[in-house]
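Here come two complexes built around chain A, the first alongside chain B, the second alongside chain C.
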Partner chain A sequence: MSPAALTLAAAHRPESPGLWTLAWRRFLRDRLGAGCLAIVVVFVAVALASAAGLIASDWSHETAVSYAPPNFLGGSTAPDEASPTAVRDDVSEEIDIKDPLADELAEIRKALAGRSAVETKKATLPLGADKWGRDVLLKLAKGTETSLLVGLSAALLATFLGTLFGAQAGYFGGRIDDFFNWLYSVLTSIPYLLLILAIAAVLNQKGTSTVVLILGLTGWTGIFRLVRAEYLKHKVREYVLAAGAIGASDTRRMFAHILPNVSHVVLVQLSLHVVLFIKSEVILSFLGFGVGVETVSWGSMLNEAQAELLIGKWWQLAAATAAMAVLVTAFSLFTDALRDALDPRLR
Partner chain B sequence: MSLQTERAETLLDIRDLTVDFRIDRATTLRAVRNVSFDVAENETVALVGESGSGKSVTALAILGLLPENASVGGATLFIGRDLFAMPRRELQRLRGRDISIVFQEPMSSLNPVFSVGFQLVEVLKQHASLRPRDARARAVDLLREVGIPEPAAKVRAYPFELSGGQQQRVMIAMAIACEPKLLIADEPTTALDVTVQKQILELIAELQARRRMSVLFITHDLALVAEVADRVVVMRDGEVREQGPVRQVYEAPADAYTKALLACRPRLTNRPVRLPVIDDFLNPGREEHPPLELPERSRGLRGDEDVILEARHLAKSFYRREGLIGKHEERAVKDASFKLARGKTLGLVGESGSGKTTLALMLVRLQQATRGEVLLEGVDLLSVRSDSIEHKRRIQIVFQNPYASLNPRFTAGQILMEPMHIHGIGETQTGRRELAYAMFEKVGLPADAFFKYPHEFSGGQRQRIAIARCLTMRPDILICDESVSALDVSVQAQLLNLLQDLQDEFGMSYLFISHDLAVVKYMSDEIMVMTEGEVVEIADSDEIYARPRHPYTRKLLAALPNALLEPGA
Partner chain C sequence: MLAYVIRRLWQFIPTLLGVVLLVFVLFNWVGGDPAYLLAGKISNPEHIENIRRQLGVDEPYYVQLGIFLKQIATGDFGASWATNEKISHIFASRLGPSLTVLVPMLVIGTLLAMIAALAVAFWRGSVTDRAIMIACTVGQSISILVYIIVLQYVLGYQLGWFPVQGWGQDLRENLFYYAALPVLVGVIVSLAPDIRLYRSFFLDEINQDYVRTARAKGMSDTRVMTVHVLRNAAIPIVTNVMIQLPALLAGAFLIERFFSIPGIGREVILAVERSDFPLIKAVTVYVAIATMIINLAADLLYKAVDPRVQLK
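Up next, the complex of A and B:
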């Protein structure tokens, strides 16, 4: 071909829809899936804004009275007028023990005296307040950041491990396959909660990264099994043989040839595990192995809510549950639509 | 085959059949348009066409088995009653009792978890309302009738215990169980070996004569038709191109497409320098030679040719675990020795399971040989480290299935540039791109193929990409493992011409593997016959067809459709 024709062909690059483009078009045709994607995007935007400090950076400020009800209840439940300090003083006098912190408290009270007079605590908030008067709406935004971070990074970790191990086991077979299958069997034969508690005990520190590690290190097994099966199926396909015939190395065949062809499985598993791990984080926090006290997540909100519910303060529970239910449902439906769109019906 | 000249009563009458498929809201695809033909009682009609001609859709429409998104027009009269107007229940009763069908793939048509006897009895109970004991006895009779050895024992066998040919016999037994008036056979022999194909064809002809039923025989292979049919209907792109008595269509085809189909299939009698293709007939006058008057190409070895590849006592065994420590040896290739001359073609013929693909995979080192040596210009390939890519470059392979051998996530350009990248061919990315464009031109693909994905190409075009991928490495030896077998006859002719042109230009040596003896004879200088892992005969290609020595070679040649032995139309 002449150079002129070559440049013409190169300049005249036709818009040829790749498989990803086709999948994206199929995805957009599914209205429900596209709607769910929009919801997920909103949650992610909130989480990003919160992480960047644009919103909810002051979530821990006690801006309202304790258990301030949501706006739409219109403050009908009058805030408790009795001040907690007064109560405490009464108690100490009654049992006639001198409060060892009395001096310090008196000093703090004196220092704060001027400010607390100026600062008026709100009686109601859009979604109410918790025991300390912190805004539930802000906590929810901050909690979205934590929960999404935990869900996404744990799912990424689990998917990475599952894909890597599954690819090795399925592609090479033999001893390597035996080893990973043994590891898989051992991990899956331990009851899930026991395993989580064991790893939590070994790591022995609380925090977001610990939760991510716990979930990621225990959660890869299902992905491993699926990816291994896909690799077993694909390694004997003719296009992989053809790649071998032109001299492509094992690594190249595994990751440049087969991986893109099984990526629909990996992607769908990734998003399924995001949902799973958001729920798991709630359970872990509820059990006390979750994120630290200095951060807030949906799990820790639910954890606080169990005591609140007994005295009829239901709004924190409702807010956290609603946020979680909406995100999990949207993410699941999004995942379903994604799976349908990515299913490579290759002729 | 009946030879009556006066036609009997019409059994099936198809009038202006039209089938549309709804793809989505905006697009419908017309798969069959205004097709009319009829099938008389006790007559075999062959419906011939290439893929996409609408022949299978027509058969499914007759049976009312089209998917939900299809809509039919026209009328199909079966003994005077319109099948399309018939209530569902009645149509279901008719299917299996009066009209039955045999599909292409016996393995996927039989349920693997039930014995064949059970499946036959099911059919008999449903349609003939026999008592279980009578049904069982009848099942044994049917198996005997379709030529299954030891029918009383085989009635308890599961599908996987039978060979492909026997499975197809069971399918036929199920189809004739209720003595249908019309048997539709949809490519019943395409998935089978040539020798088995012959037996199944004979069986169908025999049953047709004995039971005085009508057969609608659907096939892509015009050569087969002459053996079985009384009348032929040729279809293309959903339309009937020509219909008539088999002799007339064969000896004096009226339609250009029919002529082309007859001409582009390689024959045993002659070997033109290039095969005629459909275009020669549909747009005549572009070539300097009329397609049917091409000079002959001479083949064969003189005996003093330079040997480029030699295999000595090559063997491959697979081991299957049995119990804890035992293993079972399965010898796929027992002992293969042969020489491949430089610039020549060695044909390899054998049926499925003969070890020919294993042999090819050993040569490109995708399978490790158990014993033996492969000498490439005197260097033993099997002792070279398996990751030495220089030797890999010199022997390349084109696989059978063009739909599976290209990575669907790579563009055609990436597919071509990958081997250049691995082997360091073409200094820069631009240089490689230019080479890729040159290769596309060489194999007859447009330049914009560079940016397209495999799914945007037809089967023939994909096989061209696979060939171009091999060419980028300038191999000395090209192995074609059934590379044209999955393609339509007309596309096959184009690819055979392409392969021949490339050999003439680059002087490559070919190992040409196929189960199709006519194609192998057309392409090869020398032919090697394999069966059950052993090479039983090697000889010059004209010699082996004229004077086959080994009994297996004779059996293979006897199984060829007679039409291929006659000179072209």
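Up next, the complex of A and C:
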């Protein structure tokens, strides 16, 4: 047969769908899971747009009056910022001594007056404003970027380490296995949050990359254990032995042959850890050991909101809580659907 | 049995050495020179040299490691850098308040979660089951911080049902007056994840053959659930609660911090804020030891209540 006839014959044969196509079809059949994926995608899009500077790049501008309420509450609290300065002006006129700074003050006042004429501070915003009059909606978008960035990068790092270590330990066994098991038992004998706090105390520096490193370097243990168990199971299977017989190297057998067959475990764990790390980042940032002061995250928003609630300004708390709850719920349900789709035996 | 315990205790040694090494590397090497932290902003070289000699950080690393090992063995970690209080005294005086909150929280939380999980496992697949499971997923996704902030504000500050924060001297006053709201918050936070976990334990048992046999010989549903299923599912539940204990001791720091309870958790947070290394080192090592011992105890308990379990 000519090559053309061969391709023709191949085209006529009914194509059987691959593993991932089947999993994707099963996933789409789960309406709840597919809906949750859509929500997650929206959050990721917001985070990407914010990272690219398309939205919320001016989140730190003080565009509204202090504690401007959300639109639906109406701007009942009128801004009374003008009155204190007026009083001070009266006082300065009564004193007869020439103020050495008077000229400069007048100039500054004129400049300030000019600026406030250009950009008037708004009385209300869609989701209200914080103490400095910054838009909560923009802060929320920026916080989504920070929290998702930290959650995703830390989960990627932890999954990478866990898979690498688990593959080595499960595949080679012996001394290497003993070493990684020892490392595992050392890290797991210290409670997770205590370990994170201890490392935060030692590093004593804030920042997004620090948080990612802390969470990623300590959080790989659960993934390690699962991947190791999978490799122990798979390394004696016939397809791996066959790959060995035709001369595939250890590395090739580990990562080209076994890894695709355990990748569903890895993927589900990655998804689970994103949620875990987003939650941890919020707590760390809330306590002041997380992202720096120039970055906004849901944790730092909750920290500000705690004091605001006492004077009845609840909108920042509500906004940060709602955003986090929606993302984490959607991500958790998405993970459940993913697990069901990738491993139909579990149903 | 004895051979097993001895072997497990023998296995503690490398793990414990690893923990000691990890803590040592973190605090004595990565953490930098503590003398600069202690001396503050205004300091002269002489002053710093003096502090370094006092702490022993001018010695070579192996001598420092020796000092650290001696501290662990004798339990004498010296004094806190921030308050100069003896570390051993901090532990002794902060353990009581921590337990006053933790014990009622664990007992009430576990019982409530078990009852709810038994109910949803019995009516599995129904609308009630699905509604409660979705409520648990949503409840779990809200940060613990929000629960604490909102409940403290509404129940403590606005309605005035509970004291907003504080701690007294009398155990009864602490337990029934000051600890009430922290315990309530802790129970509410733990309810959602616990119900989900315990439900899966119950479902594992419900599908077993002995349940079908019990039904087949005409036993009532109530009796099957409360006698057969509950007893068998209680085994993983009890071990699960035990394993959580050491993490809770240090992990209740958010609750202790918000409600100003002078417990171990709040002490950890303060120590991290003040770079009070001796305290964090001591807590980390002791909590690690406690975790290992409790894990062993949980395994032994498992064996005692379920003879089918093979210890190896």
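Basically, the second predicted complex is superposed on the first by the 287 of 347 C-alpha atoms of A that agree within 3 Å, B and C clash if a C-alpha of one lies under 4 Å from a C-alpha of the other, contacts with A are read in each partner's own complex, and residues count from 1 in each chain.
Convention: a contact is a pair of C-beta atoms (placed from the backbone, for glycine too) under 8 Å apart; a residue touches a chain by one contact, two chains touch by 3 or more.
Bear in mind that the values here come from a model prediction, so they are computed numbers and not experimental data.
By the touch criterion stated above, A:Thr251 is placed in contact with neither chain B nor chain C. Residue contacts after overlaying the shared chain place A:Trp182 against chain C, while chain B stays out of touching range.
Chain A is touched at more residues by one of its partners, and among chain B and chain C that partner is C. In the superposition on chain A, A:Asn261 makes contact with chain B only, while chain C stays out of contact range. Shared contact residues on chain A (touching chain B in one structure, chain C in the other): none found. The part of chain A that touches chain C in the complex is made up of residues 182-183, 185-187, 189-195, 197-204, 275, 279, 282-283, 286-289, 298-299, 302, 305-306, 309-310, 317, 321, 324-325, 327-329, 332-333. Taken together, the chain C residues at the contact with chain A in this complex read 14-15, 18-19, 22-23, 26-27, 30-31, 137-138, 140-146, 149-150, 153, 157, 246-247, 250-251, 253-254, 268-269, 271-273, 275, 277, 280, 283-284, 287-288, 291-292.
The touching residues of chain A, counted against chain B in their complex, run 1, 5-6, 9-10, 12-14, 16, 18-19, 237-239, 241-249, 252, 257, 260-261, 344, 346-347.
On chain B, the positions that touch chain A within their shared complex are 361, 364, 366, 387, 389, 392-393, 396-397, 399-401, 403-409, 411, 418-419, 422-423, 433-434, 437-438, 441, 447-448, 450-453, 455-456, 466, 469-470, 473.
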